[in-house]
Every structure is written in C-alpha cells, then in structure tokens.
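For reference, the structures are reproduced in the following blocks.
The same subunit A turns up in both complexes below, where it pairs with subunit B and then with subunit C.
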Partner chain A sequence: MKRTLKKAAMTAALAVLVGAAPVQAQKEPIKFGLLQDFTAVYTFVTSGYNQGQRDYLTLVNEMGGIDGHPIEVTVVDTGNQPQRGIEAYNRVRRDGAILVDFLSTPVANAMVNRVLEDEVVMLTVMHGRGDASDGETFPFVFPLMAHYWSQAALLVEYIDLYEGGIEGKKIAHVHIDSPFGREPIPVLQELAKQKGFTLRTFPYASPGNEQSATWTEVRRFRPDHVFIWGAGGGQAVSVREAIRNGISPDKILSVVWLAESDMHNVGADIAKGVKRFEATVTGTDTPILQEIMEKVVKAGKSAGDAKEVGNTYYNIGVASMAITVEGARLALKEFGAPLTGDKLRRGIEMIKDFDAQGLIPPVSYSSKDHQGGGFGRVSQWNGKSWEPVSDWHNAYQDLVWEKIRQEAAEFKKGR
Partner chain B sequence: MAYFLELLVNGALTGLMYSLVALGIVLIYKSSGVPNLAQGAMVMLGAYAVWLMASWDVPIYLAVVLGAILMFAFGLLAERLLLRKMVGQPIIMIVMLTLGLEIFLRGFAPGFLGAAPKQIDLGLGLAPIILGDVFINRAYLVGGVIALLLIAASLLFFRTHIGTKLRAVSDDHVSSWSVGISVERAIGISWGLAGLTAVAAGVLWGSVQGVDWTLSALLFPAVAVVILGGLDSILGVFLAGLIVGILGSVVPGYLDQLAGGGTRDVVTSLIILLTIMFRPHGMFGREDIERV
Partner chain C sequence: MFYRLSGIHHTRYESASQLWPIPADRWQVYALLALALAAPLLVSDLYLTSYLLPWLIMTSAALSLTLLMGIAGQLHFGFAAVMAIGAYTSIHLVRFGLPFELALLGAGLMAALIGGVFGAAALRVKGLYLVMATLAMQYLVDWIIVNVPAISGGAQATLQTPRTTFLFLPLHKDEVRYYVALLWVVLVTLLILNIKRTSFGRALVAVRDKDFAAAVIGINIVRYKLMAFFTSSFLGGVTGAVLAYCFYQAVTPEQFSFNVSIQIVAMVLVGGLGSVLGAYLGAAFVLLVPIVLTNAVAYLAGLGLLSASTNLLAHIPLMVYGGLIIGFLLFEPLGLAKIYDNLRKYFLVWPFRHARS
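Take a look at the complex of A and B:
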C-alpha cells in the first residue's frame, strides 16, 4: 500500500512537471536535435548521456508530452567534426528543431554564431565555451550546469572548507594538454594568489594513454592535493599513475568527467577515496530515475543498456533534458504554442529553484546567467559508488563571472 | 640524477611497448610491402576481444590465448577478403584501404561493444618497483619484457622454414611464385602474426589505460618507431622503440614546464620528419634503388 502510494505520488509529481495527465500526446511535436559524437573523442560519455536524454524524453512522451505536445528527437553522429555537425544542424533546422545539443566543444564552438543568428537553443552542458554562461552575449547558448571555471573554484573551496584549509598548500593541476585541460588554469592561478596556495600545472599529451613522465614530475613536487583534468581513458591512467607514485587516492580531486567505469578500470577497491566534482545525484533513488526505471526501462523502451541507468553520465543527460523540458513547459504556459527557439530560451530563463525532484541542486536561470548559478558538490568513490562529501554549493562566483565577462567581451569584439 | 634515471627507464619500457604495436606493421611490410595503417585499430580490436571474453568469466590468460587465435584469424581474413583483391593496384590505394580499415574498426568495435573505457586486469597491481629513488612502472616492465620476447621470437621466426619463405616473398613476389611459394598464403600469415602482436599490445596497453578507441591512437608513436627503425627491420623496431620512448619521456620531463606542455608529440613528429628527410629508409631499413 505504502509502495503504491509512493508510486502514485511520484507519477503525480512528474505529471505536474511535464504539465499533463498521462494521456497520449496529440498536439504539434516539439523537435530537438541530439547531434553528438558517438564515434570519435567523446565516446566515453556520449552513449550514457544520450541514453539519459532520450529515456527522459520517452518518459515525458509516455506521460503525455509537454502540455500535450510530444517531443521528437533526431539523433545524428557528428564524429566530433564541425563540418558534419553543420550538415546535421542544417537538416534538423530544416525539419523544425528548436534545440540542438552537440556534446562536443569543437562542434559547439563552430556553431555559436549560427545558433545565435537562427535563434535556436544550443545546450553546452559541461562542454563548449565557458563564457557562454553570459546570457546577454550568448542568448541562445545554455551551459545549464557548472562550467569548468566553476568546477575548479568549487574544488578549491572544498579543500579550504573540508580539508583543513588551503593556505600554504601545494596543488598540482595535472591536465590533458588541450584547451579543455588548460581552461581552469587562469581561475586557479587567481585563486592561488587570493588564497595563498602554490599551484603548479602538469600537462600530458592527448589522449593520455601514457603519462608516466608527467607523474614522475608530480611526485617530486610533493603536492598536498592533485586535480586531474582529463576525460575518458586518460582519467583512469591519471588515477593509476597518481596512486603508483604514492599519492593517496583521497588527495585526488577530479573534474566532472570521472565515472563509475573509470573507477572500475583503475580497480574499484584501489581507487577508494578518489573525489570528484559532481553536478547531479548518481544512482536511481531519485523520483525521476524511479519513473524512468518503471515506465521506460522495464517497458523495454530505453535507448540503451539498462546497466547504464543511474550512472554519472546517464544522469547528467537526464538532468539536461529535465531542465529543458521545464523551460519548455514554462514557455508554453507563458507564451503559448507553437514553441520556438526564442520562446524556449525565455522559458529556460524563467526557471527558478528547479531541482528536478532532487536530481540536481536547485538551479535558477535568467537572461544574464545561463549557467544556473554554478552549483555542484564533491563526491567520493567508496569502492562501489559515489558518496557525497559536501553539500550542494557554488564557489567564488564573483571571480568566475569576472572571467566569464572578460571572455564574453572578447567574443563580442570579434563578432 | 634519480629524476633523469626514472624518466630514462620508464621511457625505455614505454618505448618497448610502442615497439609491440610497431612490430605488427613491420611484420606485414616485411612480407607484402604494405605499410598497414590499420595496426592501431587492430590493437584496439585485440584488446576488445580479450575484454569481451574476460567479461564472460573466461580466465584472463585463457582469454588472451583465445584473443590471439581470434586475431590471427582476423588477420588471415583481412588478407583474404581485402588485400588479395588489391593485387596489381597502386600501393597508394592499398595504403588507403588499410586507412579505411582503421576508420571502420575504430567505429565498429566501440559501436558494438560499448564506447566507455573497459577494464583488463592482469593482476599486476599498482605498486611500483622502487630502486633507490627511482620508481619503475610494474606494468611497463612486464610490457617491456613481453615486447622483448616477441621481438626476439620474430627475429627467430624469420630464420625458420616459413620465415624464409616470407623473406623470399618480401624480396620478390614474382620470383617466389615461380619457385612455388604461395605468396598469398605468406602474406596471410604475416597479417595473422600482426594480429597476434596486436593482441599482446592491446592487452598490455589496455591494462594500463583501459580499453576504448584511444588504443588506436597508439598508431602515431608506432609509425614514428617504424619510420626511424626502418619499415622492414625487426631489429630497427627494437632500437627505434627505445629511442622514441626515451626521447618522449626525457624531453617532456625537462621541457614541458618551460614550454607549457605538448613537447612529447613535437618530439615524435620531429623524429618522423627528420628521419624521412635525412634517412628515408630509417636506421636499419633496406634501401631499395629503383629506376624511375
């Protein structure tokens, strides 16, 4: 009885979320283009992320769509190539898509001017330009969650608050030698000045399958904490090399791109203690994930392997669509159908304190802030799963926004 | 000094593991004259095959043996279905074919078997071997030893009856045919052997970094090794592997901090460029003089 009531409560909550009773949607469809890299650089994240996005949208459609409008999704592999991204974009744009998500920094960066001109919403969750958080300069680009500058700032604050202070400590930033790996360095350098810690950066060659020389150098630096800033297989190599060089796992802190599969690659027990920035809750305990399990996965409608459900990248994908659908719901309520890119943009900007029923920290957007406040938390690998070791919070946003505005101003100059 | 020594030793061991990838390229070139640009993807495929069997609870070392058999068969099949059809075609088209195979495999394996990095656990542990102030990477040490063994085995193989036939084929296809050697079979065997070395490289590199598409990126340092050592020289693979590995470790160890990173790829690229400019056949490669 208790379980039935709980299920009914969750169903009702989701029905409120999507603004409809569980009936078959019949109104004009809303079209999204998930034009992502399934075969090149971002393969480590795309399958889980994309599956999460599609499963959530399937759930919404199962519940009657957004105010009766079903969501139609086009999925295309861009292979991380801007020219293929442009082709795919042209196709979905012609078919009426009002939102695109490339999940690829090179493709997203190549498309910025185009989506601004076409007034198509582009999601850049955990990728793309950091300065796209500035909604006034990039009205149609939405990072939606804490970008790399916010993540680096939060990790510094975590050490300051939870690890006995950061003043006088030595921090090694070990990163893939790419714009992504170098991106947080200016923020970290500024924080090093302000908070009085020593920062040293250690690049390794892409894709990071061989890092031994880098870690020999890191060991000799004798850092108190190590930030690892890479993605995919390179992250497991970083953790392994750190441990091999005598760095305790609990002194390793990672950018968001460190998932369950990486920990199993290192060895689930060996990696116990490693920490990372976390943008969403992992696991399937939250109401939305429960609904997905019930109505999508068990019904055989999941877009991928059921084992992926609840994993880090899957949940980030779910969260990205939960925020988008909430924006679409607000837009339809405020401006009516048909939904356009501009209406969707304004809908997302109307979102206030939305936490997707506990899946993400409460986020608010505005015409100025497309990052949603830069919230996150630190979680720690316990040998089986990620356990939160801090509350949801944001950090040093004044400094982060100084950087965002500075870069956005440069972009404006160049347009 | 300890810092330099550690860079030197770990660089040398890494270089030997690059040699393992490069060995497959040399084995094929030595018998067929084809520079196989799909060797990186074959390494990836070999690692995927072993991981797949290990995920079915096949003991890891048995999975390696089965993977080796599978990849040997894959090599034979690649020769039979692809290479044999290219007989008489310009070499550039055959090279393009291997490039096409590389791209196909790089999409195919992660597409069907999952793109997220997967684990191969050889039970080596993470603890380094510590000699004084020098930490030696245990996985690279094992990899280096296996690379040495396979290089030695390859050298010996070319002294056997079949190996002699392969050498004859590499010298001249028409003459080999005329004395009754099956050129197709010889080339097939060389592709099969390249499949075997791909499994060794894939498992060792996969145990270090996980199994995903990035294993195919090992083609780049392997190409530097074969160009420097000579496309048809097994001894060259050994020495060039050491040089590429050591330079790729020592130079970034000192210069990355000054240059802000990225020097390892520069070193590898320079090795390729300078060798092609000043000694196109590499340190130990055979210099063929052709009338043009």
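Take a look at the complex of A and C:
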C-alpha cells in the first residue's frame, strides 16, 4: 500500500515536472565533470560506474532536472595520468563545473590541493585518500561511502558476528603490493590486537596476473579466513588460486572490488560461496533502478550496454550520483541558485538518513564526516548473483576515525 | 632564403663560436624566448598551467636524458626513478626546514649519487644489458618508495608539496611556477648546447660511437661514463623536484612509474636522439598530442559527427596516436628534430640543392 502511494505520488510529481519542463529548462545548468580513466588501469570499473552515473543523471534530467536546473556532464578520459587529469580539471573548471570525479587514486590524490583551493567538490568514491572522510581537513573532498578502513573493519566484524567469533582465528590478508593493498593493514593490525586474532599479510606483485607463489605461502599458513585486497583482473586470479590451494570459497572475503564479471571469469559455479563487502544493493530490484530501466534504458538513452545495468559497479555509480543530486537539491533549497562548489558541499553535508529509496544504507553527512558513517554489508555469490548475508551496519568506527584523524593531521602538517 | 649566409663574416673568434652563428637561428631563438617570457600575458591560465608548464618541465627531463642517451649513448630506462628521487628528496628537505633553493640542489645531488651508483653498472654492460640494469633501478626505487612509509608519506602514499618560495617569490602562484620551470629549462638547454661543444661532450660522443676506440685515443671511459650518469641524474633530480613543486603539487609513486620512464625515452626518440630541439618537440608530442586528440574527439562527438560508445571514443585517440608515431618514424626515422633540420638545410642553400642531407 505504501509503495503504491509512493508510486502514485511519484507519477503525479513526474506529470507536474513534465508539464512544466519547457519553462524550467530555461534555468541555468549545473555542470559536473566525470574525468575518468577509460583506457588504462581502472577500465574494469570505469565503464560500468560511469554509465551508472550518467544514466542516473539522464533520469534526473528527464524528470525536469534538480528543481528545474538540468545537469550537464562532461566525460573525459584521463588514462590514469595525473597530468591529463590536471588538464581536464582545469578545462571543466573554466567551463564552470562545480563537481569532479576522477575515479583514480593517483589523479585524485594529485588534485586534493587544487580542489581545496578552487572550492570544487571532488568525489572519491572507493578511491583516493581514506582520510578525506575528515571533512574539517578536506572540506571539498567526499568519499561518500565506506572507505577501505571501514570495509576492512566491517569484514572483521562480520566474521566476529556471523561466523562464530574471530578470537583465536587465523586471518590471511592477501593484497596487491601497492599503497591501496597496504592501506587496511594498520587497521587490521590494531583489530588483531584488540580482538585477539592472528593476522598475516601476503603481498603479490602488481598487477596480480601471477600469484601462485603467494598462495603457496598462504596455504602453509592454514588461515581460517582469507581477505583478498586487489582490483581488476587480479581479483579473479586471487579467487582461483585460493580455491586451487584448498581454501573453501566461503572462507574468502573480498574488498568491494569483486564483481559479477570476476565470478564468471573464475567460473560461476566454482566460485559459489565467495563473500565480499558491498556498499550498495546489487541488481535492478530497487525503485531507482526500475525507473532507470523504464525511462532511460528502454528509451534508448543509456550511456552504454543495457547488460551492465544493475551490476555492482553500475549501482555504485548510480548511488554516487543519487547522493550528489540529493545534496544539490538541498543546497538549492537552502541557498538558492546559482549553485557553487561551496553551496554543493554544504548541501551534501546537510543530507541526513538518505537511502536512495533502498539502494544504499541510510547515510548521513556532516561538516566533520564525509564518509557517511562507513555503512555496508557482506554479500555472497550464489552462482548467479550476490546475496546479502548480513544487515547494513558499520564497524569499529572509533578505531577507523582515530586513523583518519591521524592521517589528516599529517596532511595538514605537510601543507 | 631566410637563413641568409651572404654578408656574414665572423672576424672574431667569439662571434664565430657563439651558439647560433647564423642570424636567422638567433632571431628565432630570441623570438621564442620573448614569447615564452610573455606567455602568462598571452595565453589563458588553462593553457599556461595545463599545457606550457608540463611541457617545459618534461622537456627538461627529456633534455637531461638526451645527455645520457643521445650524447653519451648510454641507454636508461629508469629515468622516472631518478626524477622520483629528486622529487621526494626536495619535499623532505623543505619539510625538514631547508629553503627551496637548497632543496633543489640537494635533490639533484641525491639523484646524482644514486643514479651514479646504478650508472656504475654501465661500466660492465652495454646496450640491452644496460637497459636491464636501469630497469632494475626503476623497480628498486619504486619498491623502496612504496614500502618505506617515511619516504612515501604514510598509508596514503601521497606527499603534498609544502608551501614555499623561490628567490622570495611565492611558489603557489601559477606565474611563479611557470617562470621557475622556464628558468630551469633555459638553463638545461644552454647547458646541453654547450656540453656538446666542450671536450667533455666530445669525449662522451667518442665513448658513444665506440668505447674502446675512445680508450685508444686516451679517453678515460670509466670516468666519462660515470660523469655522464652523474650529470644527467643531477639534472633529472632537479627536474623531478621542479615537476613536483611547480606542476603536481603532490607526489605519489604512480607519477614516477615505469610508464613515465618509457614516456621520457619516447620523447627522446621521437624528438631525435641527441638533439636539443628534439627534446622540445618530443616532449610536446608525447605529452600534449594525446590530450589534444582526446579533446578533438570529444569535440567531434559533441557536434554529433562521431557517434560511438564512450569506451570506443576514449580509445580512438590512442589509435590515432599510435598511427602518428609509426607515421612519423616511417617518414623520418631520425625524429621530429630532423624534419626541421631538413627544412632548414633546404632553405640554407636555396635555390641550390646540394647541401641536402
């Protein structure tokens, strides 16, 4: 009953918006720059993520924009090279963009000083600096969702709550030998001390196409659970090597970067039981995804392949824009047009208990917290899709925030 | 035509031995320098900070490497690591409290020391084997930076460049950054141009052409090879520091990865091995052409002339870029500088043809 009401209200709202569209289209556009890596390192996620972002924005524009303001998107390939990111950034900033998203840690990290100076909002969803969650040090940088420290903490808590306690267990952290792979280690070490489990870390060389030597070591360690911390092609290799070395799939827990395609690369049946962190609902069962299917994909306005819709990375893209648009809406209501980077930042910081109609856990931001609480859940591969096996929750945020503050203080000192 | 030689008589050694004895060359250089000096007034800050600035800095890098690869004939596939040493050293020195000017020197010295140590490998190996030795340097330096948080800057592996001044000018202003980079590239250019004419440079050329023949005519190969590595690494280290402070403003290990080493080698090769002008043209080609192509494709797509998926659109510039490299190398295997050289030689003796080489 509630849902029908909601739907009816939505349709009514839509009718009003469509009716008023010609007048409202006169309002000045809001400009976003999606300056991402389509050709180098992040290709495994960029196409799905970017398509999700653009499809959601298309949906918003179809429904009359944000309070009548259409959203204009510039998409540029940076090839994961900071100098190309800088060029693209300067270009879209000159054109009046108030939000940029690089989806590349090296580029985003190189841009931190610039966006702070220019007052342009930079999204660092699942990339960039973990300490950017500290809104007081990084007022214009928004991780928006649980960052790697929160993800690692959540996986530990999941084992503690759902897998019969973590005390005395042996955890292997198998990671790509890069700053990203090492990032969760300090948090895991601290948790190992507090919770009384044994942690050992096993690096493999980037990019991770060849990991057999590492996994022989892991087997000797006889871990109770294995964390795999990589991205792209290396993740499927990790899962395959783990299974080959006699580790049961349901003992494998992954960072957020493990998608449907990786499971099919391993073999959908063989990988049955693998678990991973997720920050958004996967699939197309949520109202927003349904609307995208109906008004964007079926209308032939999707920015990519219809098969991608509802996939892990696609939904992360949709969620990133859903949160941003909500922030922009609040900002317009509170401060009025024209929207600036500073107004948009304040708008996002005003978001309270927003769940994008069930797509994400309820998130709240503030001028202090740009991570939104670090919520997520664990889901398991059932051979066809990802099935949630825990509730939305966040874990050990006091410890995570200690780390965030410590790193942010380092950043301040170095400036 | 243009490069008129008639009526030019050098009556003093100084005028005959100046860098550009032909007036046309000299005037071109002066005009370009004047344009470069006036650039902050002439171009918008987008082009100043995103095109000219990185171009000048990467030209310094290519010039530093051309001293080693072009003049001394020692292949180096780990030059980004040399620059990384300079960049990280300068940041840590400034954080330690040293003034930026001294930190630049320190960056150069540190890079020269470590680069020289790896250069010692060049005393025993040549050609492809030297490539392997320098590759080892690239990976070792990368590994150490990533694995020592004290160097890389903690879990984020990102170091912001501290606010500082250069000769009492604040280094966080775009114009100051540009002029620092310009000053450095002019210094390096003059240095390389002059090294080519000194006994040091001639000894390096002799070593390049045949090292034991050079030994026979009395050149101490060990000393000159080491000096080549030392000098080139010093320049590379300072360039790395300039790159960090004037352009990136934050250093991460990825900015000095193996790919960047290859890019710098490509700049030297596409521009023309051993040519100063080639370093400028090569850096422009490798650095700016992909950006220009990406923007051109995006512009065409915006006009509706190109309709393809985002993924394909992102890859079209790469295909065109690859085609351009092959095209240029087929057209003129000696590099972009040679194309200019051919034109210049043609006009030098125009309307005759006999000086074309």
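In this section, the second predicted complex is superposed on the first by the 391 of 415 C-alpha atoms of A that agree within 3 Å, B and C clash if a C-alpha of one lies under 4 Å from a C-alpha of the other, contacts with A are read in each partner's own complex, and residues count from 1 in each chain.
Here is the rule we use: a residue touches a chain if its C-beta (ideal position, glycine included) is under 8 Å from a C-beta of that chain, and two chains touch if they have at least 3 such contacts.
Computed from a prediction, not measured in an experiment: that's the story for all the values here.
In the superposition on chain A, A:Q194 contacts neither subunit B nor subunit C. In the superposition on chain A, contact is made by A:E407 with subunit C only, not with subunit B. Contacts of A:P106 after superposition: subunit C is touched, whereas subunit B is not reached.
Applying the stated contact rule after C-alpha superposition, one finds that A:D177 touches each of subunit B and subunit C. Contacts of A:S248 after superposition on the shared chain: neither subunit B nor subunit C is touched. In the superposed model, A:S367 lies in contact with neither subunit B nor subunit C. When both complexes are overlaid on chain A, the residue A:P82 reaches subunit C alone and has no touch with subunit B.
Applying the stated contact rule after C-alpha superposition, one finds that A:S47 touches each of subunit B and subunit C. In the superposition on chain A, the residues of subunit A contacting both subunit B and subunit C are 38-39, 47, 177, 182, 305.
Those residues of subunit A lying in contact with subunit B across their complex are 38-40, 43-44, 46-48, 177, 182, 201-210, 212-214, 216-217, 219-220, 232-234, 236-237, 240, 243-246, 259, 261-262, 264-265, 267, 270, 305. Interface residues of subunit B facing subunit A in the complex, by the touch rule stated above, are 3, 6-7, 10-11, 14, 106-107, 110-111, 114-119, 121, 126-128, 135, 137-138, 140, 205, 208-210, 212-215, 217-218, 248-250, 252-253, 256-257, 260-262, 264-265. Per the touch definition, subunit A reaches subunit C in the complex via residues 38-39, 47, 50-51, 75-77, 79-80, 82-84, 86-87, 90-91, 94, 105-106, 109-110, 112-114, 129-131, 177-179, 182-183, 186, 303-305, 403, 407, 410-411, 414-415.
Interface residues of subunit C facing subunit A in the complex, by the touch rule stated above, are 44-46, 49-51, 54, 95, 146, 152-160, 162-163, 247-250, 252-255, 287, 290-291, 294-295, 298, 309-311, 313-315, 317-318.
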